[in-house]
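One structure is given below, encoded as structure tokens.
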Amino acid sequence: MPANTPLTADARGVFPIAPTPFFEDGTIDVDSIDRITDFYLACGATGVTVLGQLGEAPKLEHAESVDVAERMIRRAGRLPVVVGVSAPGFAAMRALTREVMDRGAAGVMIAPPNTLRTDDQIVGYYRQAVEAIGADVPFVLQDYPLTFSVQMTPGVIRRIVQELPSCVMLKHEDWPGLEKISALRGFERDGSMRHISILCGNNGLFLDYEVERGADGANTGYAFPDMLCDVVRLQAEGRREEAHDLFDAHLPLLRYEQQPGVGLAVRKYVLMRRGLLSSAAQRKPAAAMSAQARAEVDHLLSRLARHDPRAAGLASA
Amino acid sequence: MPANTPLTADARGVFPIAPTPFFEDGTIDVDSIDRITDFYLACGATGVTVLGQLGEAPKLEHAESVDVAERMIRRAGRLPVVVGVSAPGFAAMRALTREVMDRGAAGVMIAPPNTLRTDDQIVGYYRQAVEAIGADVPFVLQDYPLTFSVQMTPGVIRRIVQELPSCVMLKHEDWPGLEKISALRGFERDGSMRHISILCGNNGLFLDYEVERGADGANTGYAFPDMLCDVVRLQAEGRREEAHDLFDAHLPLLRYEQQPGVGLAVRKYVLMRRGLLSSAAQRKPAAAMSAQARAEVDHLLSRLARHDPRAAGLASA
Amino acid sequence: MPANTPLTADARGVFPIAPTPFFEDGTIDVDSIDRITDFYLACGATGVTVLGQLGEAPKLEHAESVDVAERMIRRAGRLPVVVGVSAPGFAAMRALTREVMDRGAAGVMIAPPNTLRTDDQIVGYYRQAVEAIGADVPFVLQDYPLTFSVQMTPGVIRRIVQELPSCVMLKHEDWPGLEKISALRGFERDGSMRHISILCGNNGLFLDYEVERGADGANTGYAFPDMLCDVVRLQAEGRREEAHDLFDAHLPLLRYEQQPGVGLAVRKYVLMRRGLLSSAAQRKPAAAMSAQARAEVDHLLSRLARHDPRAAGLASA
Amino acid sequence: MPANTPLTADARGVFPIAPTPFFEDGTIDVDSIDRITDFYLACGATGVTVLGQLGEAPKLEHAESVDVAERMIRRAGRLPVVVGVSAPGFAAMRALTREVMDRGAAGVMIAPPNTLRTDDQIVGYYRQAVEAIGADVPFVLQDYPLTFSVQMTPGVIRRIVQELPSCVMLKHEDWPGLEKISALRGFERDGSMRHISILCGNNGLFLDYEVERGADGANTGYAFPDMLCDVVRLQAEGRREEAHDLFDAHLPLLRYEQQPGVGLAVRKYVLMRRGLLSSAAQRKPAAAMSAQARAEVDHLLSRLARHDPRAAGLASA
């Protein structure tokens, strides 16, 4: 299979984090993979990330992971697909990387294991990861201290970027994180770090200002990736207040979806209501959404519909 | 000095977390203590908490802590004042508790040390704390896993409430936390736990739905405590959509202020712009706000002013 | 292939934790698997555990893991073989469990992920694990807070044992841990918990007193498993001071090998010097032993040889 | 009061960590402070540390801490006394430092708060601590990851030493820690770090080899500080095997006392049996030693007495 164009440090825009669609019985819903991928293409996404933290990757057997990635790569066509390959050991990371790169992935994403503490441990881990997967595979550095308990200073990120040429993108999810973006872009300006792409995660909770700080876009799974695309585009066009108006209208729901644990259930529910997933099911073990939580999300959708027609008619009540 | 009315499990409304005001040279600005206390009284607060997590308590010498608490207690008059007495040892906790209760505090707030892990350790810690401060001192249980790394299940909170009658309030800052409120109120309904007051922290990030879940109000330091009071009041009056409209207008700024670390600088800056603090200074060590962050807060204030006149004219630019 | 006898709660004696033998080039040294298995049989071990925490399991690809387990199961003959199946997701855990049980494993060992905090989370995790692997597969509960940061009280262990009949053994590695053994045996005496096997890990650092507290033996990888067998046997025969004399002679080396990180290198070095492994190589990434560390281990072996002839001639200098 | 000689980077030998002696009713037993201080002087200690991690400092009110330190400073005469001043805030740290330095302390010891993660955070914390206490106060850097969860690489320690001239000693308690000593001494040899004193803690569990790696001695609370002094002296005299023989004889008990939590009870019990404390009491909250634990310690003392006459007659049974 011909490989997609490799991921580069010039990537911009929105790479949605794709959920893994399941039917109620836990089997993989491949039609929904196609449908959501088509949606990403249609709404202006510039790439896709699959098998990320919220892609329920640990609930997939190895062969399933490869299948899900391959299906999305095929359907995404011209869009670069990044595959999450974080694993407790380098053997599993290498195996999955090889298989998905052979099938046309544009690059891989690697999160740090939550046992890393010191700067040297963090840099050393990524050095070893690159040895394992090969220096020719572009990778995304995931910086998500809230979930992984690993704190990377701007200086540590610079060390990784400078030492490892295959690091082409930062999935920026530190919190707070605005000053970190400014610091990294400052390193680029003062010549101490080469340019990398910075796409922001954390459900986009600060995307409004992150792009103003120099981020290149978003890399997150909020259930309205079309809004993320619009905000990035409006900011690029200099229509700042319009960007903020749209973002602020979504913020109540976005904040609700950003909650750890229950957030994935909310996201899948909204994606189902939007017709992009045939079911909101998660594979077990899964945290279910209570009736009251669903009523709250419906309420948020109804309120959002007053500002964004894309939310109209989505509430189930 | 006559003691204030003790804190009880019937407390409702908004207890702002008061900042400790400093001048630029690090000395305590007592006039600002009076001014902000008057403001709390005027805007409908039903209590105040001083020397909390964001009150820079660890930067105060013991005598200063007592002075700050005493000043606020005197000025607050009829308002109950809760004093944060969390400390690494029970000796310091007991000493501060005695001194502030003697000066008229209504109760104390105790956060768990971040070394606690098991359910039994958590319950045991509060048992020992009550032995140290005395079973006659009403106390607030602070449940803030994001900062303290201590996770209390609803069942653990119930054990503490049932075993320790002096536990009268939960400062609820778990995240996500909506289901926890529902679970605790469910315990009350099924008779397995006596009623306690639940006031919500975490800068009020979910206050809109927390009060709908059964919380009694807020106990947090957002720079517009008057908005918090309004939201709680509107919800109590059944004006639900008005409450959400007001809350949503503040959410972009509220979210910005809720960031760990830099949040306190933002809060003090806005309180200064509102004329409630004479300076935004923190005692060292302090994280300063960058010029860009200040511009962002000004931008947020300008946008907020379109919906809430209390924000008009606050932006410095 | 005929299954081995399943692991039961009556297991006693010593189950060495087998290292995974590698050649210098990183390939698996299957002859050393046979050799060390024969040694375990000869020295009185009553079982073996493979692919444990120190078996470098995360460095093996899935098929390799199955091969290593199968090789050891075949060679071990009558000895029950327990296979470590801890994984970040239940899909991988289930897959490996099925394959090794099909090949004759006696049971599996499951460590908790280091994100678990509350009692309910811990119990819930094991409930889900049993759902994943099947209630018919005997499993070993690994309680190792130093490495996994998960603290299980005796009460939590009792909840797991009572709720999940397939939990037949505790790999006890809490530190300190003597009172925990007494508490669990107390639960058995007062009828609140059924009997389970307790084998002790943590390199045997407290084995001398653990067996006196009621533990059934050892389940650890110290490079002299024959000493562990002797201590357990001597204690069973009532030859207490002889047991302590032998144990104390080994304690200086045992303590040295028990160090996190470097410990595995020490263990493989000594096993190589004993002729049980053809190489001390670890698969990358691996912490090498410094020249000075090797000299220290040689010194410890020389000193040990004065008390235990099995250490004679092992020092490389 | 005339100040003692300030602590310098040339400190060598053994600085025992002094316990805080209490009577059964929780009051401070000042006579035992004198008695144990005299013992330290008699057995060859070259300094003393008071109010350390195991000195129950958090259970003391501020005035009591100053009293305990002052009493020991007076009695210790020519011996330098280091005072633990670790605190959650710099205000309390500065206050205690000033008071004990005014009373003749030789320096202070500062442990890192367990929230520090990155290299920059660690260095920044010590920079701020020195600003708080004054650059003229010699301080001991405590590196104890097992308890504080803060991991300092050799490089971070070098940054602190090079930036802060008042850092004169490392209390080395990393585990494993032998290579760290070698690395730091290597920095001194290659000229990249000035010389500092390295005294080892962690109950002396690796003191036998730590002094061979370049450590200057011990700074820990094992109940036989006279043994620690002997081992350091024997090694200095080149009597290596005698040093190891003595150390190994103590290792079974030393390991037992090194257990977290219960260790302090063991230590105070043995010190009481030695006649150095009038009581083994701890102030509440305290973990009591079970009857079985006491029997084990008695057993260990009886066995130790076969090799070291100082342990003769100490067992209570």
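Every chain is named by a letter (A, B, C and D) in the order it is written, and numbering of its residues begins at 1.
Keep in mind that, in the parts below, a residue touches a chain if its C-beta (ideal position, glycine included) is under 8 Å from a C-beta of that chain, and two chains touch if they have at least 3 such contacts.
Keep in mind that this is a model prediction, so the values were computed, not measured.
At the interface between subunit A and subunit D, two copies of one sequence, more than half of the residue numbers in use are shared by both copies.
More C-beta pairs in contact connect the chains of B-D than those of the other pair, out of B-C and B-D.
Chain centres here are C-alpha means, and the one lying farthest from subunit A is D. Measuring from the averaged C-alpha position of subunit B to that of subunit D gives a distance of 39 Å. Per-chain CA centroids place subunit B at a distance of 48 Å from subunit C. In subunit B, no residue reaches two or more other chains under the touch definition.
Against subunit D, the residues of subunit A that register as touching in their complex are 117-121, 151-153, 155-156.
Residues 57-62, 64, 87-92, 95, 114-115, 124, 128, 131, 284-285 of subunit D touch subunit B in their complex.
Across the complex, subunit D meets subunit C through its residues 175-176, 178-179, 182, 205-206, 208-209, 212-213, 241, 244, 248, 251-252, 255-256, 259-263, 290, 292-293, 296, 303.
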